[in-house]
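Structures given as structure tokens follow.
Both complexes below contain chain A, partnered by chain B and then by chain C.
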Partner chain A sequence: MATERWARWGVYALSLVVLAVVWQIAAAGSGLLLASFTETMARLGELISNGELPEALLSSGRIFLTGLVLSILLGLPLGLVFARFPLVTAAVETYVYGLYAIPVITLVPFILAGIGFDFRAKVLVVVLTAIFPILISAMEGARSVPGRLLDVAHSYGSTERQLWADVVIPYTVPYAVTGIKQGIAGALVGTIIAELFLNATGVGDLLIRASTNFDSAGALAVTLVISVIAVSLMGVSGVVERRFAGWREGLSG
Partner chain B sequence: MTRSTTGPGAAPEGAAPPPATGPRVVVSGAGVRYGDLTVFDGIDLTIQDREIVSIVGPSGCGKTTLLRSVDGLTRLNSGSVTIDGRPVEGPTPGVSMVFQHFGLFPWKNVYNNVAYGLKLAKAPKERIAEVVPEYIDMVGLAGFEKSYPHQLSGGMQQRAGLARALAVEPQVLLMDEPFSAIDAQTREVLQFELLRIWETRPIAMMFVTHSIEEAVLMGDRVVVLKGRPSHIHEVIDVGIPHPRTRATLKSARFQEVTAHVWDLLMQDVIAAEREVG
Partner chain C sequence: MTTRRTGTGESAAGGRPVSAPAGQGSTATEAVPLPGEPSSAPQAVPSGRARRERRRPPNWLLRLLTGVLILVLWDLGARMLESPFIARPLGVAQAVPEVFASERFWQDAWATIGSVVYGVLIGAAAGLVLGLAMGRIKLVRWFFTSYVSALYTLPMVAVVPLMTIWLGYTPETRLVAVALSAFLPIVVTTADGSRAIPKEYLDVARTFRARVHNIWFGIALRNAIPYLIAGLQLAIARALVTAVAVEFLAGVPGLGYSILQQTRSFQQNEAFVGVIVLTLFVVAARALLTVARRRFLPWYGR
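Right after this comes the complex of A and B.
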């Protein structure tokens, strides 16, 4: 077991080294277009030490977190309500799926015209990219509670309130966690969209400035940081998801 | 062990416990329809205290539906069910059901699954802490309190399901094909364990099964449902005294009753085959 784990980490580290080397060689022949690995790392160090990157991350992080938290706080209860009242679902389901299917970027002009480009407008873009997977997962979860578990609850004289607390909500938790995981990915995209297409702030501003200045090293450094953050967030939410989904295996039987 | 009749499921209003003998469950003229299809009709059945009544019949004869109507999960379209003289209009305290698919909550461990009925009945914490381990022990699950259903075999899951049903100390126990999803060897072990538990504290029990042997082994009487819509075709007094053991399976009376029920049900199967052929 232990050796297998070391081997995995070893291969992982090796793949990073190979990536860096390939990057370095590819960049050598491309001139201004692609900064080399070492140049990118040097620029990354600069962006961190002069405080530009931390400041940008803080500013983007505020938009990301506010949008994500709002999406969870609105998405989960709305999903449960939709599941509970089939008539409400019938009325709104089409629009929910419709909005989910629309690339949020097409809504940006309307948001720009309607709200402007301040913090609220950016948070709205994040909410629009993050809320639907959360809402839909909660709804699907609450709707798919097996009849036999509802029978048990009724058989023991459960009231409607107890039924929600004891059965519907616990059953929905793993679905909601999966939805939140997708919501995190959506919120990341939403944050970048908001910062690139409303007015440039935070990480989006860094990216735009780097590319207009032909600072390919800076643009790559920022992109690299975004992907590292994205991968870490996915990793963490994957761990949380597995923790909550342990009992799901028992349902297949 | 003394049998408590003042458990949380027994008499929440503080009423005097009902007498130990006499009819517990009275089904009269019961009928259920789904749209145009009448599942069963005109069912009259009385289950005495401390009596086990098995119900057998071909698939789709409505034996589970009948059981569910006693539990208040399915509404009758005609007739009535009373428990201790009170008409059943919904789930009734003092009546517990054991489900074919166990019906354990997968996110609760064994302890919390067994405690579920007591918690809903608002039993005090001290009482739950006292009663739950007792029943977990009774069904042979001591040491598995913290296990989750998906970590247990089917047989052990149904032990937990049985403990949950018994923990509310019901006067009527409804068994809906409880062992049909369990492998044959474990099923036999559980049948005798259930009989042993029942013998220490006998209550009224309705036992729905599609196994003729199981029906005869468990039942003091065997009710055979037949026909379309189905009705009670025959009620057989098994006449084998308790305690019943593995030797019961080999007794002449057991063989005789089993063969008789077999004949009653096979007539239908053969007729159905002819219809199809």
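Right after this comes the complex of A and C.
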């Protein structure tokens, strides 16, 4: 399989080279509209060295992190509580899924009119995009604890509190991790939406300015950076998720 | 093979099946299906009280009461903020007949929903081809995998400004953006589906000297169908977000743009009818796909 691994990496490398070449050639023929690979990299260097990009990433990152942390802090306990009490589950389930279906982007104009475009409003957008997968995964996790485990816990006279600490919460952890991963993806979208459509600040401001100035090198550079950040975030949370998935299989097997 | 079959099983308390509708457990950007259920039949966490089979109100009543509670909280919240610029439940209900009677509303709704439908069809057709090729041919998979997964992970909203540079501020930009955001989840899911073929199928196919096209279209494509349906459910939600984003940014006429305009001219209630219609569209489209899967592929579970 060693040769196959080499072949695979060879093709990966080739695909990157092909992209750079095709990009460079396409750019040469299209003038201002499509900046070439080298121009984009030069613009990226410029945006970093004049401090615009780091500053934008910092301000967008603050919104992203605050929204994500709030979503986790609210979503996990709410999900557990919703799943724990059958009455509550029956009452809220439909609405949780219903609210999750609302395209958050359509709510942005209402948030703009009702609350404004400050930090709080932006964090609200991020929470709206991130909280539902987290909440729903916690619900699913707590609800799918095998009866077997609960029976054993009951047989050994476990109290309500012990039942939570030793069975329900540990069992829910892998689900919660998956939910948080999806929450991160949601929060990324939410951050970009908030930064583009409330008032344009941070990364959104860079993108909008590049777009209105037909600065395709700038827009490409910023989009590339966002893409790298998104891929790294999802990659890391994927690794964490897989570790916990093993745990889950161990538990249910 | 768990294409988001989540939460199978019975709630111990009510004996009511608690099932997340397929496809609903997915955000616009989630990359991986929700956790599959463990092998043994899972149960809800039975609380002490529930175990004693206490009599409880029927579910429809609970749901109704929660609905009323949500509306009351919404109204109270709007009152507390003391802002006239917030939609209120009664106001929205009153606005419905007027909005539905206006021709403009239906034109806008069709502009947005139509572009999502066409865009998803175009994206799905193209995505199916690349997905199938990536699933079956190693070289193709290796070549495209980094681009597909990078673009799949990148929120499409971030690409919208670039697209307006390249394609201008037109409805065609919306269609292209929508098609692209539908294309990626379809490629990813179809590639997974056409790759994850049980080995026995391929062995049997080889034994019977099946041609390549038999393996591709007879086995790989069929195996990918449930994945494709999951991909479509993801694609529709993502595509709608992208469509609205283009309308906001480029001022392309459609329901998203008219929501923006109405909230600017203090017609919050009218605008909210648009949000409801778009939400219902997504819910209905996903439900239709779930129904189709259950009807035509009953062996893939609920």
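Note that the second predicted complex is superposed on the first by the 235 of 253 C-alpha atoms of A that agree within 3 Å, B and C clash if a C-alpha of one lies under 4 Å from a C-alpha of the other, contacts with A are read in each partner's own complex, and residues count from 1 in each chain.
Here, a residue touches a chain if its C-beta (ideal position, glycine included) is under 8 Å from a C-beta of that chain, and two chains touch if they have at least 3 such contacts.
Bear in mind that the values here come from a model prediction, so they are computed numbers and not experimental data.
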| item | value |
| --- | --- |
| Room on chain A for both chain B and chain C (clash or fit) | fit |
| Which of chain B and chain C A:Ser158 touches, first, second, both or neither | first |
| Chain A-centred angle between chain C and chain B, computed on Cα centres after superposition, in steps of 10 ° | 80 |
| Chain B versus chain C as contact partner of A:Glu39, first or second or both or neither | neither |
| In the superposition, chain B vs chain C on chain A residues touched | C |
| Touched partner set for A:Gly238, first chain B, second chain C, both or neither | second |
| Which superposed partner A:Gly186 touches (first chain B, second chain C, both, neither) | second |
| Partner chain in contact with A:Phe85 - chain B first, chain C second, else both or neither | second |
| Chain B versus chain C as contact partner of A:Thr106, first or second or both or neither | second |
| First, second, both or neither for A:Arg148, with chain B first and chain C second | both |
| Shortest CA-CA distance in Å separating chain B from chain C in the superposed model | 9 |
| Shared chain A contacts, counted only where both chain B and chain C touch the same residue | 148, 248-249, 251, 253 |
| Chain A-touching residues of chain B, taken from the complex the two chains share | 71-73, 90-93, 96-97, 99, 101, 103, 105-107, 116-117, 120-121, 148-150, 154, 168 |
| Of chain A, residues touching chain C in the complex | 7-8, 11-12, 14-16, 19, 33-34, 83-87, 89-95, 97-98, 100-110, 112-114, 129, 132-133, 136-137, 140-148, 150, 160, 168, 174-175, 178, 181-182, 185-186, 188-189, 192-193, 196-197, 203, 207-208, 210-211, 214, 216, 219-220, 222-223, 226-227, 230-231, 234, 238, 241, 245, 248-249, 251-253 |
| Residue ranges of chain A in contact with chain B within the complex | 148-149, 151-152, 154-158, 162, 166-167, 170-171, 173, 246-251, 253 |
| In the complex, chain C residues that touch chain A | 6-7, 9, 11-14, 16, 18, 20-21, 24-32, 34-35, 37-48, 50, 56, 59, 62-63, 65-67, 70, 81, 83, 85-87, 138-139, 142-147, 149-151, 153-155, 157-162, 164-166, 237, 240-241, 244-245, 248-249, 256, 259-260, 263-264, 266, 268, 271-272, 274-275, 278-279, 282-283, 286 |
